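All chains are identified by letter, namely A, B, C and D, in their written order; residue positions are counted from 1 within each chain.
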Amino acid sequence: MAAHILLIHCPDRPGLIAAVTGVLFQHQLNIISNGEFVERTHNHFFMRTEFSGAVDLVHLEKDLREALPTDVIIRLSAQRNKEIVVLASKEHHCLADLLVRHYYGELGATIKAVISNHPLLEPLVKKFDIPFICLPHDGVDRNQHENSLAKHIDQFQPEFIVLAKYMRILSAGFVARYPNQIINIHHSFLPAFVGAKPYAQAYERGVKIIGATAHFVNDNLDEGPIIAQNVIPVNHTHNAKEMAQAGRNVEQIVLANALGLVFDERVFVHGNKTIIFD
Amino acid sequence: MAAHILLIHCPDRPGLIAAVTGVLFQHQLNIISNGEFVERTHNHFFMRTEFSGAVDLVHLEKDLREALPTDVIIRLSAQRNKEIVVLASKEHHCLADLLVRHYYGELGATIKAVISNHPLLEPLVKKFDIPFICLPHDGVDRNQHENSLAKHIDQFQPEFIVLAKYMRILSAGFVARYPNQIINIHHSFLPAFVGAKPYAQAYERGVKIIGATAHFVNDNLDEGPIIAQNVIPVNHTHNAKEMAQAGRNVEQIVLANALGLVFDERVFVHGNKTIIFD
Amino acid sequence: MAAHILLIHCPDRPGLIAAVTGVLFQHQLNIISNGEFVERTHNHFFMRTEFSGAVDLVHLEKDLREALPTDVIIRLSAQRNKEIVVLASKEHHCLADLLVRHYYGELGATIKAVISNHPLLEPLVKKFDIPFICLPHDGVDRNQHENSLAKHIDQFQPEFIVLAKYMRILSAGFVARYPNQIINIHHSFLPAFVGAKPYAQAYERGVKIIGATAHFVNDNLDEGPIIAQNVIPVNHTHNAKEMAQAGRNVEQIVLANALGLVFDERVFVHGNKTIIFD
Amino acid sequence: MAAHILLIHCPDRPGLIAAVTGVLFQHQLNIISNGEFVERTHNHFFMRTEFSGAVDLVHLEKDLREALPTDVIIRLSAQRNKEIVVLASKEHHCLADLLVRHYYGELGATIKAVISNHPLLEPLVKKFDIPFICLPHDGVDRNQHENSLAKHIDQFQPEFIVLAKYMRILSAGFVARYPNQIINIHHSFLPAFVGAKPYAQAYERGVKIIGATAHFVNDNLDEGPIIAQNVIPVNHTHNAKEMAQAGRNVEQIVLANALGLVFDERVFVHGNKTIIFD
């Protein structure tokens, strides 16, 4: 029997957990795992419940709404693969990792298409029988290019858009079309080295650790809610190119971890932060 | 208002969370944080709840027992400093760390005494105005030594006994007197390098990572439930002595982390494992 | 101009570095990087030098031999891709990682063939146009199977044989054919959990960290010289299967790192340990 | 016999290693360890050699100068404890760690005095019989305060000044008096969260990793050459205060590691970066 996931958030008040788990108990559902968190600055309550059992979702949602205050946001769904579109440019490492995981059914998502502003990665994508769409940006203005990009994306109705080293900046207008749906892997330990060429910056600054950050994209470049980060040590013998090389393994793993959390509905976005039940 | 901690475990069945949180809600108590876990091999349920509010503990415990099946183990208490005795031998690093944290009220415990089989660490302990008891083991048989040790420990009625690099093996009989009360820091990444001289073993084996393990002590040497572990990289340039030196920082931090978890009542012992709500 | 690599080892004595660098200077060669290490237990000297410049290797080697004591082992070669054969069984993650790195010229080696005891991974290997040889072991005795395996390997004359999750134990006789040429990725932090099913063992023991180890294979199972290790944290919520899943990223990266070091001639094997100039 | 350390740097050219090791060989000195590095951007050569043997330092230095080009910087000295002054404010964790290491002869330095702008840490310092000098800054202008600070420091003629959580900004003028002699521990993973309250900033940004940075102090706040960095994971359950708490262990260890490297003369400062032979 497939598991279901219940996500709830609302201003905190006493009795919320009792109310939710009481309704699940009445429906004879079995809680597999349960997480709660209260964000103290805004006193906001978050709860994620995985449960199994024969369930009438419409009836259950109705009973939950009746048992809970009216300002509670409820999201109730069966666990299933998400549908995504991947954007990439010229670097293959993150994309190849996603393609292999997808091929073996480990991604938690179906890749509907890969869209790139360069033709370079087409042979790789073709090996895995995924549609590859090339949208060069040369001689096209940003607006036009983004409109074309959006049109191609929208035909697949993806739940998430994954930027797997997509090296074009997306406008605020484009990003606003897909709120909390775009996930980027940034090749630095944000907020250090915001912007372009973070490895060159890291080399210039002489840091002893470099990292990668997976985050939702909002309208401020490199400033959306962070989902996952990781780091590796470097030293004075690494030049900027070698730092980039060393950083690729980290980028690949951080992106895969972040996607695993998002596709499994473990991530709440709250203001500019994430609440993660892992 | 001080927080209270409720620990519950029992065979898993539906409705447990609803029952517990329902009683807390009736008592108008506010849940600060809540954790649940079901161990799937034995289908055993664990729950830790921190709550605040004006509470009649006797009344609350009575209502919980009535609301819950009879095989549920309930532990209900106010959050407070634990009382401990520390055992050490000749190495100072873990002991000094505990003494400094204790001095600044960061340990979550009161050190009633330090007992050692050597006089070496007395000057350090005296600086921090903690009673130091020296029980040399030369010319004393193990039984006698342990009886004397137990007598000295028992006068302090400690809730936990911390082995901060105590280098004498404790007999099964001694350990059985203090079930799940003795916490040891072992200078290796258990179960690698069980037994004496783990750094010498690590050097011989040519490992590239060494570590430390904090665990409850049971009657099998180095085999009790693990609470915390951490590691650091080493390489061929480290000899056994340098590995030991590098390992000390890790030992110190792993022990401090483990004690923080235990003293904050975040650790359930279940068979030979720990369930930790952190 | 391509770089050259000079590897030297011998019993330690004064003047070795001066002698070697003196000869390189006479040949007007430019040292790019230089590493020396003296293993103190056996007082053995190791040196790795990367240099560039117009070089007559025969003449250079002759001059080095004349300048150095007769017991010095000298290995002098141009930097180049190694030729390897990869052995795998049913798990794809390490193999896929090698295939992608190979496809993009990042492996530092040419994969001459993939040999497996199962047909499962053939479609993946075929995508990357690498010969796939399936040698099932059902109904074949170990001796026969290994003879067949050796025959197939030997036709490619590989410099290294990479066990990318090859789940058959190799006999001492087989291993002896390829001294310091077989590299294995073991799915545990050796020497913890030697042998089969390390993740099941790790789960049983309740460890808080798991890891992976890349090592040369000698005749004692899981006991050859360690090249690289890495770890990740786990907790009580991970069952053995989830630990395995979490461990795969680590295995993949540890193997890739180890191969990078070996293929770049940065690894000396000395007894049961490695000396690594990274 | 005590070891000696030879540090050399100069524009790179062929033959440097041969020249240096040749002179050491003529003096019948035994190289214990040797490290070289060429920084490729400016083509600058660095070399650190530890050697033992009966040595006439004046004669050796003369021979080295004769064997080497005139632009070579040579620093030749016996390995010995450095003399330092520690500056602190109100936080005890880094200072306590230094005091304990010092007390047990593990610091590689003699603490001549602790100077603070607050009286709070005096009792701790007194336990270890180190002079404590309190220089309150209330009602004193920055210039006056720094002059007084410099006067007190200078009476000890320290080789290094360690800022162990000294929370006053030092002026460019003050810093210029002690070039490459002041070492600071900054409570963030620089260059993220430059400036005050980095943990508050980290909490606001919702990062998943925090860190600490030990660096030489130059006239730009938080911008001197980085010596060591390390990190730990955090998550949404940590508020700014808990992040600070979690960060203290890291700060303490990063500072101790950095000082170990500096006091052992393993660190070259080159522009705004460090070259470290560890």
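Here, a residue touches a chain if its C-beta (ideal position, glycine included) is under 8 Å from a C-beta of that chain, and two chains touch if they have at least 3 such contacts.
Note that this is a predicted model, so its numbers are computed, not measured.
Taking A-B and B-D together, the chain pair joined by more C-beta contacts is A-B. Relative to subunit C, the chain whose mean Cα position lies farthest away is B. Spacing of subunit A relative to subunit D, judged by their CA centroids, is 40 angstrom. Averaged C-alpha coordinates put the centre of subunit B at 36 Å from the centre of subunit D.
In subunit A, the residues that reach two or more other chains under the touch definition are 33, 37, 237.
Taken in their complex, subunit D has these residues touching subunit C: 14-15, 17-18, 21-22, 24-25, 28-34, 36-38. Looking at the complex, you find that subunit C touches subunit B at residues 37, 39-41, 189-193, 205-209, 211, 225-231, 235-237, 239, 272-276. On the subunit A side of its complex with subunit C, the touching residues are 33, 92-93, 96-97, 100, 103-104, 124, 127-128, 237, 249, 253, 256.
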